[in-house]
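Next come two complexes built around chain A: one with chain B, the other with chain C.
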Partner chain A sequence: MLKYTIRRLLLLIPTMFFVAVIVFFLAHAAPGSPFDAKSVGDKQLPTATIERLENLYGVNKPVPEQFMLYLGNVARFDFGNSFRSGRAVSEIIGEEFPVSAQLGVQALLLALALSLPLGMVSALRQNTAVDYGSLFFATVGTTIPSFVIAIFAIYFFGVTFHLLPFVGWSTPLHWVLPTVILSLGPMAFLTRITRASMLEAIRQDYVRTARAKGLREQVVIVAHVMKNALIPIATIVGPATAGLITGSIIIEGIFSVPGMGREFLRSILGRDYPLIMGVFLLYAFLISIANLSVDLVYGLLDPRIKVSK
Partner chain B sequence: MALLEVNDLKTQFFTRDGVVRAVDGVTFHLDAGETLGLVGESGCGKSVTALSLMRLIPQPPGKIVNGQIVFDGQDILKMDDDDVRGIRGNNIAMIFQDPMTSLNPVLTISRQISEALELHLKLDKSEARKQTIELLELVGIPSAKKRVDDYPHQFSGGMRQRVMIAMALSCKPKLILADEPTTALDVTIQAQILELLKSLAKEFRTAFILITHDLGVVAGMTQRINVMYAGRIVEKADTGELFANPKMPYTWGLLRSIPRLDEQRKAKLLPIEGLPPDLISPPGGCKFEPRCQYRRDICREKEPELQHIPNAKPDHEARCWGTQNVAGGGWLVDTDWRREVGDVRVIEEIKGQAASETTTEGPGG
Partner chain C sequence: MRRRSGLWSLLALFVIAGLIAAACTGAPGTTTQPSGAAGDIDPNGEVTTNAGSEPDTIDPQKESFVNEVAQTMMVFEALMAFDPKTLKPVPGAAKEAPKLSSDGLTYTYTLRDGLKYSDGSPVTAKDFQFGFTRTCDPAVAGEYAFTAYIIVGCEAWNTMDPKKATKAELDAAKAKLGMKVNGDKEISFTLTEKAPYFNSIAALWVGVPSRESDVTKGGDKWTEPATFIGNGPFKLTEWKHNEKMVYERNDNYRTKTQLKKWTKVMINESAVAFAAYRNNELDAVGIGAEQLRTVEGDADLKAQTIDVGGSCTIYVGFNNAKAPFDDQKVRMAFAKSFDRLAYINDVAKIGKAATEGGFIPPGMPGYDKDDTAQKFDPAAAKQLLAQSKYANTDTLKNLKFTYAASAANKTRIEWLQQQWQTNLGVTVAPDPVDATTYTSLVKKPETTPLMFRLGWCADYPDQQDWLTTVFHSSSTVTHVGYKSATFDAAVRKADADPNPESRDKTYQDASRQLSNDAAAAWWYYSATKYLRKPWFKGITDTVMDFEYGIFNLTAIGVTKKK
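After this line comes the complex of A and B, so read on.
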């Protein structure tokens, strides 16, 4: 297990390298520059100024050369400074990432806390009102995009009834709407998966064997059905986490949450190359870690999968 | 007093296409320590009978609609769920057909066997574990101590069936239902498992109901045999009598379809022509009549009861007009099934019918 984890962590290095190559060259291939009118706010800078700025930041050098310079800096954990604000990328991310992480983790926990019980009850009470209700929720949740729901939520809870604040992240009350809305998509998806894999597991022969032993129905469900049903669910949680990370970009924008999602958009629009690289590399790292954790959990749940090799 | 008495058991499945009469009025009994074979084709109601005895019929769509299952003086069908659970695994245990899917893949062998021990015998964890190891040794698992914490996928099919047997034996039940215990295994392993069951039955004086489609399997294992067809018992006798003097044409069909090593090379294996009847709308007369090469008009008109046969042992009964002394019946009483194959023209007729049925029903599903 430890060996496997170490090997997977080492594999992160080439993964991150290729992510860096692709993002760096794509970002530079996109038309526009950090110093043209669109990027700095509709004021065309004098040509001489642009030239001096380009010289200062080295953006007029050939892209491969820039990349090599960037790599050299990254190896010394120097991610550069944002063109826009001049602050260090690591400082910006260090400030904003905790907010995004909090939002993401809250949403993931909420999604899991509600979807697992809902999916299980739905499977155990198949074709009853509870089941139809949860299926309805699951279908609505997966089909209606979160930003549409967000607008309605802002209108009703924020504007009409003044129940909840919807701008910023300053108090726990501010957390409610973004967290709930962000969790809806994965929650709906996980509910469906949970229901399906419970139904699949409950039909297996070994469940009949367990009942034939005289076990109580609760014991049969908890000890025999659930552990098997969790295996497919665990494989879905990885992509769901990735969805939460990227999904938060839109939600943070809508609710003005001072997280990385906002920075993500701003950095791309402003061709703020160091910031783009910083944000993308962090996202790629997080998704890799999420996938690794899922694989490790998968090995713990299913003895047929040998993680130790 | 009999250990188990089943009276007029009827189990039905309520499906969209109609009511499937899977078990339709089955009556039999079993004494303590006795071994009974339940034989018949796929879909004749053997397994449903066994599951009914433990009230393990999935409900819905299944339901036991009628009958009594008196086990040790108590009617299982009248018990509440708690009492039934007290019997399952404890007094009646079951060995299932497919050992590959009947064990839980994510729990260790030790967990799966100890579970029942902790539940019914109130053993604590370490005692249950000790006993699990003993049980595994008993069913012939080599180095049981080392293997007790393995998972099912680390065992071969035959070993898994041994684990299932150990599980069934764990609480020393009075009755074990073995539902096709060797069907999923290859022939050499089959023999080993049957030998094991036989010796354990003797050692523990456990009553067995051995369910199989293979008359060869029950031959050396059981004291009595019930042959089932279309949810009913069609012939019952003790094992020696059934093999020496079978009376029902369906039983003959089963016997003819066993391949024999001492047969001449050119001899053809004789299948029972046609298909088992649709249990949603079964034929009105004898259920086997459409496939029977000895049939007469009376067979289509009325269904025979399970009755004693004139020139057979007293407890030998068959559900066949040909063996019963009634007006228009009794034409098979003296027939020796080994010497004749029945009316060849009727066989051809049945073949033709079966062919046309499959072609008309085939493409529509």
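After this line comes the complex of A and C, so read on.
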């Protein structure tokens, strides 16, 4: 297991390298430069100024040469400075990532806390009012986009009843709306997955065997059904975690949360190459770690899945 | 079983509790209607406004954008300032208008007595020299350095490649800058040519006195509150990136502001900002076309609406070098065949149709109400097209209109397409590309699209910044490729003319020529609508405003909100 983990961690290096290559060349393949992007709008910078800036920051060099320079810097843990703001990429991400991570973790915990019991209950009481209720919630949660719910929530809780603040991230009260609304999507999705995998597990032979052995219903459900039903859930939760903690473009935008989610879009639209790289490398790293954790958890949930080869 | 039902009742309880809480607090919330009664200005007033998105930089010698300048000019004061009523340059940190040398090339400014930075230390002429020197410094790579090219030596130094030139070469170029300091109070600038508009340039952010000790100490981060020390009405006391900036009164400024604190939050979503305004979390908010109906349907909001002209002219660019737009008749036919008034009324809702006036927008020196050369006239337009050398040829079919893809632009361009189809009988093919690609296309003559939408916004309120900067044949911001020797000669003559009357007249003639040549088709002038709470007082709105009342910050105050 330890050997496996180390091997997987070492594999991260080539993975990250290929992610870097792909993202770097794709980003540079898009037409325009960071200084063109700064000019977007009704008013543009003079061409001479744009060209001088491009020369100064070396973005007019051949892309492979820029890539080698970038790799050299990254090897020294220097992720460069954002072209737009001139601030260090590590500083920007260091400031924004914790906010997104906190929002993401809160939303994930909330989603798990409500969706697992809800999914299980509706599976155990299949085709009852409870089940239909949870299905209804899950369908609504997945079909209505979060920004629609967010705007309704702002008008209802913020403007009409003055219950909750909706601008910024400064106090725990500010956390409530973004967290709850960000959790709705995964919550609905996880409810359905939980219900489906519970239903599948209940019909397995080993459950029938357990019941035939005369085990108590609670034991059957907890030890045999639930544990096995968790496998597909773990598969989903891993990457979902990485997605949630790196921030949501929409939720952070609507609630003015100073997180990293907005940086994804902004860096791409702004052709801010160093920031694009920083944001995507972090995302790739987290996804890899999440997948590794999922693989390790499989082994714990089901000994038949051997991780150590 | 029990547990399960327990869960449900818990949920139900939660919902009911929420509803009750909502109901209880609902009543007072909905009645937060400001009394609006005229009261005294609160000596410790505070306001909150929306800065939109985080400014990329607030370094005065690097920045170029409205939301960046809006921060710098809270904290700094330049030698000159703009009169909020006339937009003519008036003394700022300078005691009076500059003394001019007999050849008209040297401007000497004397500072007011007792000027101080917000930390109490004195402001000297050297500090202004440092600011202007930074503007010209190629290593700083300021986006607005070109505004100072009129100073001797600035262009030569600024266009050097700091990575290739040796230090000695750079220093030699720097030493040639036409700037001299005499004692603590006097600074003089030598210009490359006569330029009566230099006073306007001296009022810009590029020349504010960034302090050498702060820039050295703070390095890349000198724009953080600890080292962003200025000589203006406010000081920056807090900057939480992507969240808010907090400004407080600078007690060392020569006139104390009536506001104690001005917080600018960063809300990107206009719907959210609008909600925050209604919730009294913002004291002013810009409104977009999508909020207009709500505003107009609400008597209170309607009364709080402020209309201000803008500093931009949006035009349809024709590639003057490419067929069929190398023929003036074709350009004029296109220019005369779309109904600008209908566009504002039916599509844009906000803005002013360019039905009267040329390139320079209303409210700006040089606005010419009587320029109606491009007046909407489909009959005349059809006739012009028939007389053009491309009449009845395939060149007039399926003309590509390139634009930066966005929902708003799509509506705009499709509207134009419709107009030309109906009024002129020509088909135009919309060609959306992504915004950054668009910019990279329009910046080079070789890649300039056939037709496109572009705008120009004033850097400073002077005709020179409109006519010469944009349409002189040597301009690097010309995107239409307009070249006219008569026009060039006229604007260059006016640029140097010290007599305001004859100068205005020469510019006016040149501007009319531009409209008659239909170098571009003037479409509309930018305008803003915003909501302002009744207690937010003392704001003089101008077309150049990059922040509410920026040219008269000390006059702004709030009456008690209750």
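One rule holds in what follows: the second predicted complex is superposed on the first by the 293 of 309 C-alpha atoms of A that agree within 3 Å, B and C clash if a C-alpha of one lies under 4 Å from a C-alpha of the other, contacts with A are read in each partner's own complex, and residues count from 1 in each chain.
Just so we're on the same page, a residue touches a chain if its C-beta (ideal position, glycine included) is under 8 Å from a C-beta of that chain, and two chains touch if they have at least 3 such contacts.
Since the model is a prediction, treat every value here as computed from it, not as a measurement.
S.K.: Once both complexes are superposed via chain A, do chain B and chain C end up clashing or fitting?
M.R.: After superposition on chain A, which the two structures share, chain B sits beside chain C with no clash.
S.K.: Considering only touches as defined above, state whether A:T209 meets chain B (first), chain C (second), both or neither.
M.R.: first
S.K.: Report for A:S85: first if it touches chain B alone, second if chain C alone, otherwise both or neither.
M.R.: second
S.K.: Taking the superposition as given, does A:R192 touch the first partner, chain B, the second, chain C, both, or neither?
M.R.: neither
S.K.: A:F166 in the overlay: touching chain B, chain C, both, or neither? Say first, second, both or neither.
M.R.: Second partner only, chain C.
S.K.: Looking at A:H174 after the superposition, I want to know if it touches chain B, chain C, both of them or none. Which is it: first, second, both, neither?
M.R.: The answer is neither, since A:H174 touches no partner chain.
S.K.: Counting residues of chain A in contact, which comes out ahead: chain B or chain C?
M.R.: Touched residues of chain A are more numerous for C.
S.K.: Now for A:A223: first (chain B), second (chain C), both, or neither, which partner does it touch?
M.R.: A:A223 contacts chain B only, not chain C.
S.K.: Is A:E95 touching anything from chain B or chain C once the two structures are fitted on A? First, second, both or neither.
M.R.: Only chain C; A:E95 stays clear of chain B.
S.K.: If you take every C-alpha pair with one atom in chain B and one in chain C, what is the shortest distance in Å after superposing?
M.R.: Nearest C-alpha atoms of the two chains are 15 Å apart.
S.K.: Which chain A residues come up in both lists, the one for chain B and the one for chain C?
M.R.: Residues common to the chain A contacts of chain C and of chain B do not exist here, since the sets are disjoint.
S.K.: Which residues of chain C touch chain A in their complex?
M.R.: Those in contact with chain A are residues 4, 7-8, 21-23, 25-26, 28-30, 54, 56-57, 59, 62, 64-65, 138, 141, 143, 145-146, 159, 161-163, 220-221, 240-244, 265-269, 271-272, 275-276, 278-279, 281, 312, 314, 404, 433-444, 454-457, 475-477, 479, 526.
S.K.: Please name which positions on chain A make contact with chain C in the complex.
M.R.: 30-33, 36-50, 52-53, 55-57, 81, 84-88, 92, 95-96, 117, 121, 125, 130, 151, 154-163, 165-170, 253-256, 258, 262, 269-271
S.K.: Given the complex with chain B, which residues does chain A contribute to the contact?
M.R.: Chain A residues touching chain B: 204-206, 208-216, 223-224, 227-228, 231, 301-304.
S.K.: Taking the complex as given, what residues does chain B use to touch chain A?
M.R.: Per the touch definition, chain B meets chain A at residues 54, 56, 85-90, 93-94, 96, 98, 101-108, 115-116, 119-120, 151, 153, 164, 167.
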